[in-house]
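Structure first, commentary second.
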Amino acid sequence: MDIGLFGQYLANGVMLGTMYALVAVGFTLFFGVLDVIKFSHGDVLMLGSFTGFTVYIGLLSLGIENPWVMIAAILIVSIVTTAMLGAVIARYLVLPLKSAPPLNILLITLMLGTAIREAVRLFYPDGSNPKAFPALLPTASVDLGGFSLRADSVILVAAGVAVIIGLNLVINRTRLGLAIRAVAQDEETAKIMGINYTMIVLVTFAIGSGAAAFAGIMNGLYYNEVNFGMGLLLGLIGFCAAIIGGLGNIYGAILGGFLFAALQTIGAVALPFASAYKDVFAFGVVIALMAWKPTGLIAERSSDRV
Amino acid sequence: MQNKTNSDVRWMGMPALAVGLIVIVAIALFGWQFLLAESELAVLGMVALAAMAGVTLGKTGLQASMSAAMRGHARSMNIAILLALVSVIFLLGQEHFPLLMLTTTLLYMTVAFGLNVQFGLTGMVNFAGASFFGVGAYTAAVLTNHGAVPPLLILVAGGVLSALIGCLLIVPVVRTAGHYSAVVTIAFSVMFKTFLEVNDVLGGPQGLMVGPMKTFGWDFNSSPVFLGLEMSFYVNYALLGAGLAALAFMFVQRLERSWIGLTLDSVRLDETASACFGLNVVRAKVLAFTFGNVLVGVAGALYGMMISFIAPNSFSFSDSLLMVAIVLLGGMGSLWGTALAAVIVVILPEKLQIIQEYRFLLFSVVVILVLLFRPEGLIPRKVRSYFPNWRPE
Amino acid sequence: MAYAGNRRTIISAALAASLSLSFASAAMAKDTVKVGFIGPLTGGVSSIGLGGRNSAELAVALRNQNPDSKYEYELEVLDDECKPNVGVQVATKLAASRDVVGAVTHYCSSVAMGAVDIYHKFNLPVIVWGAVLPDITYGNDYTEVHRINGTMINQNDAAAEFMTDQGYKTWAIIHDTTDYGKGHNTYFSKYLTEDGGEIIGTFGVTSDQQDFTAELTKIKQLNPEVVYFGGLTPLAVRIRQQMDKLGIEAQFQGASGLKSEAYFKGLSGDLAEGTVTFLEGAPAEKLPGGEYFMAEYEKADFGEAFEAYGPFSFSAMNLLMDAVEEVGPDRKDVTAYLADVQDHESITGAVTFDANGQNTVALITEYVAQDGEWVVWADSEYADGTRTLTGK
Amino acid sequence: MRTLRLIPKFKAHIWGWIDTMSSIKIENLFAAYDKADVLMDVSLEVFSGKITCLLGSNGAGKSTLIRSILGLTPPRSGRILVDNKDITNIATHKVVAEGIACIPEGRKMFPKLTVTENLRLGAFQVSNEALIRERLDKVFTSFPRLAERRDQLAGTMSGGEQAMVSIGRGLMGGPRILLIDEPSLGLSPLYVKENFKIIEGIRNSGITVFLVEQNVRQTLAIADYGYVLSGGHVVAQGTADELKENEDVYAAYFG
């Protein structure tokens, strides 16, 4: 394979991996603090990107057209709204079920995801059709031997990686992060330390959902298209990524995200059979990985959380 | 309540068995009319009626009477229920669609009984129910199309093949726990459907025709004549479906009450402790997983023959979710709860056709509400009773 | 839609009677005849299903306003979710309901494939309004099953010929792995090879895929003149968008599933410009009654557009009601009537059913995307040379 | 059981050293745990600046009492007052804000956090960074071993070292009242002795201590006042000296 082509695959893979990792980090954070899987995550992401799209339409009607202003407004409104939604979900659907069997939370959030998806399809104007998300980033490209590196892709990946690093710093270096990690390891002792448990859970869900909104906007800016079903597969893949990395471990989520992207790319291009088998291949490898490392690549030991 | 003996539990002065029989007749009559109801007002009215009846009668002690009847007169009650079911099938005799719905419900019930062994008893998750259901249906398709395999054997083959395919997952499923094994089965579910679509050996995305069922010269797709009336050919499938569901119920209940059931329970509650007591945890898990998949596969084979056409789209991840929803809604490990939930999950969206594109939204909201307010499911599992009539003094 | 239910049973009748007095009072001078519509009203292709439903509803409403019609028509609408098992269920429901005399059914081919058996079993005459798999009519000899739209055979034959005539030589094919996409791949590949085109790569993608960069990167390396996509609009939008991302400068060509307004709504900038697609029949405004249909549709103020197959649904429903007007509300008679339909006037052109119930008037229209709308090729600035397709 | 109250109810005023009011006052507390009653009509006081101990065997309800004070197991009825402020049924972090800290049973390290992070969590409600650093220095001075291992994960340390972290963590928030739940549990006798010395030191520095223990002799050696809990009831109370003299009572309870 020539270098240019390889570069192109690598660039695509990194882009996908960044998005998957952002979704997976959310799963890992939620699992960390509350031992739950919030399956509506993908649809919350979709809602984030639709919020962004709505902001864009609103700005257009106000006559604001500076792309950087638009991006800033889209990001802020979408992330804040989605973060709040995440906290509301945690408060009213997840926390009340904390003592119920974990499967119930899985099912209730799955149903919530369906409800969100259906609501957008039915109640968003013309919601069942894909929407053209604006290309707001500069599209200049550099041709590097058969592989065109576009400015918008570079910016998106850089921003995505920055968000992941930022999240990591928040978790590992701040007082809030310390509280989140404490809650993740031992809820009761964390309370005894004077940590407002409910608040930390809500904040964690807000952070995770905000990250999903960011991934949603990133998705929109990159593919220039959003649709009501986009969250379903992204959520599923994010969940798988979080699991293969090892639930509750932020590095695991990142590793899992990039690994899944790599598997899909390899499945599509480097294997002898038809590219339609790439998902079969990727999910097959996931199953094999689980047989080999039943608790994920970065294994969760005793109470290794976040 | 616990201290009373069975004969003490009375509702409106009637002995438990009488109450139980009356309730069964009432439910059968209601089900018969509900399956026939078509106008939206009738459907909504009947749903409201059922909900009201459920709430008010539960408060008047009917429930206690009912469970006393189930405990004290298990055999008579079970026979009565089966008789009621068969009567409903014959009452519906000529109504194709209600019979199709009823049979579908019975088959989903069978599936949910199978999944219940995995979820409810052993604590293993399986998000690939629809895939194993599909294995059964595809087995039926291939066997009816190629070669002259006796149909009852096809049902068995559906179960066996589903168990064999399940073996592919045994290693990762047994080694992992909780959310990790959820991912294994979810991945399998996605993989299975994509695989069917991508390759053309099994009909690809267009699907396959499934031949009808023929046993002892009795073509299941021809209409039986009963009391001089020509019945819907679905009567055949409904009867078989009822038999299958009853058999599955019996098997699972026996299993639950046996030593194996106790083993599965202890594996669910504490794997490490079970291993310390010398229980073979791996064997228990393999057994439960396989047993569940066999039931799912058999139901799938019958479903394929009844619906006569199958395609990968029918066995997607969201169908698996529907099956999991039945188990959780009913109450983990609770067979009667499962049966009730199967009725709700299969029939409600169908009866809600009237609200068309809004019904999935409504359905998901209903499930959320039930889980919020009845986290243990509609009819939570009771503590196992080995000797139904025996109570410690 | 269907208000008065089927009052077969004592209890539901009593309930309905007590609760629905307000509905029952509608004047009913004429006999009521029930007809059905089935399409995907939920899920990914629901926009086309809703457009079809609206069009069928419109046909019924217009007919009921017509004082000359002999019957009052009542439409029963069911949702097949584009899933075969659900399709079989609702088909059974419709077919088994005795007072339904005929129906206009199915957009998704796999659903239609499963349901035709049911219609045959219950002798319910149906007219398929959107599914394009040839086997639906040609794979059986059921007299009950008819189809008003063309099959993917006609479409791809025309498409291959048209594109090779434009002088293109090499193609890369992307198709989704549904029956629709795979069927299109099969027939387009067949006719393209016959017409001398060369296929340098074929890629199957799943119907919910978001990212196509892996496939497209490979396509970029293969450097075809045309990228053909066999699939529906949502995926086409993503693929076209990502082609641009990767700097692929090839002509984009789609199957009938692409011709939707959503294609323009989903694409930013002028990316849609110059895309060509092919559709059975002719555009609504070109059709004999097209202007009328569009005006009435506009007037009825449905929330959704009628989309590519709305006119087919409309004329199928009209054809069905014409049959009922002619021979009365009886399934066997309607089936017999439909078997002999020759040059029957409809807004999608004259309808003639062959022995398999397939409309033989295989008119295929070429469309090109011009300034944010689908323009018939012959009327476009591309045909007169003002604009050119990519690479020409 | 109630009849076993051998020692008359405590009268604060007759004790010369009680010149302050009680820090924690528990009135008629009933608490249930998984539907089984654990505490039945418990009333007691924790005296300011003293070590008040609560003795009882396994399952007597000692830990439930601590959990009730902390708001982890909300009582069914009764009141808990801290300096006459009612803290019954308020969230745990608000209880902590009242100046109450706890050294929980079994030390309860955050195993995947470093020693320093564990200690910092003890001062979670302190926002003054300089104050936190000052207290960290104090802890490291008192426990030089912890200073050596400040960046080690707490889960990898020995039981004795973890006990140090736990004590240090309890002091980091600068509490007025310290609840100590079974500090001797699972430690070697040497460490236990050491621990009790430290607790005495904590009291001497002016912090009110509520010590819950099974180890009667060593506890009474440092405590000022004590209660005996059995079957959810307070069955005996008195000054440490009084309690020591009634050893036959403890034989009945602790066998």
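Note that the chains take the letters A, B, C and D in the order they are written out, and that residue 1 is the start of every chain.
Quick note on the criterion: contacts are C-beta pairs under 8 Å (C-beta built on N, C-alpha and C of every residue); 3 or more make two chains touch, one makes a residue touch a chain.
Just so it is clear, the structure is predicted and the values come from calculations on it, not from any experiment.
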| item | value |
| --- | --- |
| Partner chains shared by subunit B and subunit D (touch criterion as defined above) | A |
| Core chain by centroid distance, with centroids computed from Cα atoms only | A |
| Centroid comparison with subunit C (C-alpha atoms), farthest chain | D |
| Gap in Å, rounded to a whole number, between the CA centres of subunit C and subunit B | 37 |
| Subunit A and subunit D, separation of their C-alpha mean positions in angstrom | 44 |
| Set of subunit A residues in contact with two or more other chains | 118, 274, 276, 279 |
| Of all residues in subunit C, the ones touching two or more other chains | 42, 46, 50, 177, 204, 206 |
| Touching two or more other chains - residues of subunit B | 194, 197-198, 357, 360 |
| Contacting chain pairs - touch in the sense defined above | A-B, A-C, A-D, B-C |
| Sites on subunit A touched by subunit B in the complex | 31, 37, 93, 96-97, 100-104, 106-108, 110-112, 114-115, 118-119, 122, 236, 239-240, 243-244, 247, 274, 276-277, 279-280, 283-284, 286-288, 290-291, 294-296 |
| Contact set on subunit D toward subunit A in their complex | 70, 72, 91-93, 96-97, 101-102, 104, 108, 110-113, 117, 120-122, 124-125, 155, 169, 173 |
| Interfacial residue positions of subunit A with respect to subunit D in the complex | 175, 178-179, 181-182, 185-186, 188-198, 302-305 |
| Residue numbers on subunit A that touch subunit C, as the complex places them | 5, 8-9, 12, 15-16, 118, 121, 126, 128-135, 141, 143, 146, 148, 150, 153, 219, 222-225, 227, 229-230, 232-234, 264-265, 268-269, 274-276, 278-279 |
| Of all residues in subunit C, those that touch subunit A in their complex | 42, 44, 46-47, 50, 177, 202-206, 208-211, 213-215, 217-218, 220-221, 233-234, 237-238, 241-242, 245-247, 260-262, 265-269, 304 |
